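What follows is a pair of complexes built around subunit A, which joins subunit B in one and subunit C in the other.
This part shows the complex of A and B:
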């Protein structure tokens, strides 16, 4: 158990180091932009003195590394700075009241929650479906059913997300009005209504991630079917279903858990396009909007959040596959 | 809630029907082994398939909508196309290629035929210039001479025929003219013409797929979209492979600190999700490029190529490391061969198969990333026609699908064009991987 703890801690440390380096890359990339915060915020009204004043106030006159560490330190405490768009808006409106809403953290927090809700709903649908489909495809391998699911999943994995989204809108919202095509969820909405509105984007995401998980489940199980202990079970006369569920599945669990964790990472980061299609107020939508108006603090913060989620879930996949595999648990 | 009840009822009908089907099969065939050993799941599967078939026929002929019919017709047209393509491949070509086509599943044949159609559309969307024909001839003739002089196999001689065929197609297309009826940025006075070409419904026979919101012909833009979207994706993938494979093979051959440095840099770049990283870099690139659309497209190619080259690097390094430990590499090193010889004459030829499969997959990813970026509005810039942008611009017409099916076709066609190509490439890659892995289970 001690060695397991050490390996897990090692991976965690590596994850933290990666995250710090990634944050540095993001910082450098954003600071490579021509012009700076002062020019962006003043726009046409830029003068040398005003720019100087703003730079001094925000701390842009300090050296590069000092700025990086103060940004990182603030980000760790949940303070991502002030959004350009909100700052401009506040300046035009001429008031600073309600400035609590102006911070990046305040505008991201509810959207992050929405995105996590969407990813959660999608995962609740996708994981059981893909596991069952993978098991069935392994059980009835090389039959019409297997070939059909293979073609179907390959097609859905290789279609762009917006194509699947519009097909679903066409089928389930326009031609047969079962579900709403706009997912305008807001705070204080009853859970059932929110769930119904989230269903269509969640189904789109399900179509995207199911294929990968299902193919991996099938491959992992079929890989095991050639091993001697399966042969033994088959010779004992156990039914094919029982062989796969009781004998093959536990040993195929490591790659399956791994691919599920990877797809959860994809769910959180891959929501951007789906959120835009369904106008779902998640962090992906905010990210794209900020990219278009070059709202740097928001872009920076959402990018960091996406990267953190991605790294953490990859880390989780790593740790789980170590824990579920005795050979990795006791390295020589 | 009622829908869930319907679903449960349907499942019950399927299982029950399966039981009846198996039972009657056993009765009719005096307990033949096929029916005796049939699990209930398989029997229900037959019933589900039968129900789906009946439902499909019913929807197609009686109570369906136009989109379902179009999808079924498209499916049959492409199946027939794939079938004849495979038949053609079995008759023409060298004995090796004929064997390849005989073993090919329908999905791979469909993929190859589709890729050829896209390539044809992409190359001949506009008018072929006479300079292009000369260029092809200048490149092709030395290739033919080289093949004739240095190889005596059947495959080498077929290069001659392929080259002549390509030049002939180019010359024919020079006289036929462009496939697209109009230019991609040609603006007509009538905007928002409904697709279908029926004047009674607001269409125009001159514009079979209608015009978009500022009066550009959608059919022409779809055809030019093949040129721009596919061409840019292809260039990006080539660039990604150039960068990734070069560094990967260098790292595998030299190892040591160079390998360590490159690998750590790649680790960091891969830790940021690709689409997010691309969007972040595109923000910065758009600040650099200003309003220069062409420059932004160039930046996009470089950005996506660099991001994707990290994945290529991983594969090239892994494959290279496996090859470097071989005895023939040791022998070449002892002979005193240089780095260039090792990489190009020893490693590269042995790494072509996995790299080629990866090229197909990478192309799909790059193509989808570009389409997504364009769909989000930061990809290929306006004067160029592009499928992702077209989907975004025309998407609202999908809401009219219930009462004006034609109006909804344009965005679906653009999105479908993207999906069709990636599906086709994936089918071919899947077949190649299956063939090379030797999985016959």
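This part shows the complex of A and C:
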């Protein structure tokens, strides 16, 4: 078990390094975009004088690297700073009350919660469906069912997310008004209502991630079906279903867990377009709004969350695949 | 009158009298109740209740249209009426204005409204460091004096006949004195709806304030729920699937689908919002008035309205005064596409052909680049070669506008002629995007500002519009309509305000569920 612990620690350390690199890349990228916060906020009303004043207030007047390293220093101690919008408002109204914004952490927290809820609902639907479809496709491989499942899931993963979203809205909200097309969840909403409002975006995400997981399940199992021990089981007269679920699946778990973890990460990071289409107040929408006004602290914090989700879920995938594989668990 | 027929007259006459007797169905009695759900574009996570920061539709609607009030209000018919002020009067030079405030008005937290609130609410716009868009309005007030609890006297730096009109500006919200910060934080105003919850860039919920001074004359909904839907398709979907009752900024691409839906009604008004191509008249060749005139005759304005606005607009006449303005010169001769006249003016300028750059970007207005290309095509016939320079959208207002000699511009228009002219066409103002200097124009501007006789002002403003149309440095091809859509469950008085979107952004006050 010690080796696993060592791997985890090693990977966490590397993860932190990755995050620092990511933060730098994001910082450079956001700064490379034409226009800045002052220009975005002032729009047509931009004058050099007002622009300079805003830059001074939010700290954009300082040199590039000074800004990055002071941000990094604070971020390493857990302080992600204040959003430009709030810093600007405070300079303007004399206080920060009523800006509707708090520190970056406080403005992201409720949004992240919403996004995690959406990801959770989507995962609850997508993971069982893809596993079952994958098993069935392996069981009835090369039949009409297999072909149909493949074509359906592959065409849904190949379509852009907003297209899938609009198709679902058309089918489930416009032609058959079963589900609301607007997912404006808010705090204090009863759980059942919240769940129903979340269903359409969750279904869209399900369509996007199913193919990957389902194909991996199918491939991993079919791969094993050629092994001698499966042949032995078949010769014993065990039913095909039992062979797959009891004999093949446990040995196919490692790759399947891996791909599930990757897709879970996608559910958190890939929600941007879906949240905008369904007006879901999650971190993706906040991210889009912040990029629009070049609010660098919020953009950076959001990106770090996305990157951290990928790193942690990848780590989890690796740990689980080690644990599910006795050969890796007890290395010689 | 060849096809005049007595029978026809009888018919229409009879129909009219029947209508008069029964009353128009659209103008049925206002009914109370229900929660109005609005899907709004123009929301930002940086939104606050601070009126100084309001600039986009969400806060214009929820600020002065729901939670807060101004001193005066422009009615749906365009006439000015009192809101928190009951009446006002001016001295003959329009320099000193006395406002009588409504008595017995309370803020949502129970505090009484009075003269101190007015003074403090206005002062915050000129406070040190405040970047209020209404700063020029308040800065024009030399002194604010409290005469009694319900009377305030303003002494202006120079006479301004439009002063009461300016007090209806959506930035100039009345907040409780001594608790401005709290008011900004919690949304405490005197409006028809109290702030129940507000999540910037996401959602606002308001409830009808029970003892409001407007009583039964406005505010028919029990509550308001405004949902920020910046994505156009999502907004249209929300209306189509009955998630909201009304949306702003109809997406022209899906307009036909909305029209096909029997439960949805599209309503549009032509206001002051206009698009322009502004030339710097102090840069060659635009210094030559004949070049400017040649350019005026080489644009097909109707084509712009048809192809860029898809019919949702009206042709412009190269001045910035719109149909929602009081002294709009509707009878002014309409400029039209005439390549021969354009050639004539070009020759007068001593040129046989002209090569110029036109800077455009969709940041100026949606379709600006396409509009510039249409212009390019029509100008060719007059021997004018327009090179369309597509500028980056980011930083357009700081790098292109006012800097490039000829660029596409967007103006939302202003409620009064003087305000519009003095924002962008007065000699020496920072936003004079055509560097417009005209002695007669400037003289009229100053004279009309202090003129209280509205007949004289009408003449003065007409002449100014005429000067701009004939010689000015800006091409105004079109006024863009405010196009919104609502569910047929909603009803209104039949008159829709055209200052801003959604019945001058006062839909929550003026509409009701049929």
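We adopt the following convention: the second predicted complex is superposed on the first by the 264 of 332 C-alpha atoms of A that agree within 3 Å, B and C clash if a C-alpha of one lies under 4 Å from a C-alpha of the other, contacts with A are read in each partner's own complex, and residues count from 1 in each chain.
Everything below uses one rule, namely that a contact is a pair of C-beta atoms (placed from the backbone, for glycine too) under 8 Å apart; a residue touches a chain by one contact, two chains touch by 3 or more.
Source: prediction; values computed, not measured.
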Contacts of A:224 with subunit B and subunit C, given as first, second, both or neither: neither
Quick one: classify A:281 as touching subunit B (first), subunit C (second), both or neither. second
Applying the document's definition of touch, where does A:216 land relative to subunit B and subunit C: first, second, both, or neither? neither
Examine A:166 and indicate which partner it touches, taking first as subunit B and second as subunit C; both and neither are also allowed. both
Of the two partner chains, subunit B (first) and subunit C (second), which one does A:207 touch, if any: first, second, both, or neither? neither
First, second, both or neither for A:244, with subunit B first and subunit C second: neither
After the superposition on A, what does A:259 contact: first (subunit B), second (subunit C), both or neither? neither
Which of subunit B and subunit C A:133 touches, first, second, both or neither: neither
Kindly classify A:311 by the partners it touches after superposition: subunit B alone (first), subunit C alone (second), both, or neither? first
Dual-contact residues of subunit A (subunit B, subunit C) 33-35, 166, 169, 174, 181, 276-277
Residue numbers on subunit A that touch subunit C, as the complex places them: 33-35, 39-47, 50-51, 53-54, 83, 85-86, 88-89, 91-95, 97-101, 107, 166, 169, 173-174, 177, 180-182, 184, 186, 276-279, 281, 285-286, 289-290, 293, 295
Per the touch rule above, subunit B residues touching subunit A in the complex are 3, 39, 41-42, 45, 49, 65, 67, 107, 267-269, 271-273, 275-277, 279-284, 286-288, 364, 368, 371-372, 375-378, 388, 391, 395, 398-399, 401-402, 408, 411-412, 415-416, 418-419, 422-423, 425-427, 430, 441
Please name which positions on subunit A make contact with subunit B in the complex. 18-19, 21-22, 25-26, 29-30, 32-35, 136, 139-145, 151, 154-155, 157-163, 166-167, 169-170, 174-175, 178, 181, 222, 225-226, 239-241, 265, 269-270, 272-273, 276-277, 287-288, 291-292, 294, 296, 299, 302-303, 306-307, 310-311, 314
Seen from subunit C, its contact residues with subunit A in the complex are 39, 44-50, 52-53, 55, 127, 129-131, 133, 181-187, 197-203, 227-231, 233-234, 237-238, 240-244, 392, 394-395, 397-398, 401, 410, 430
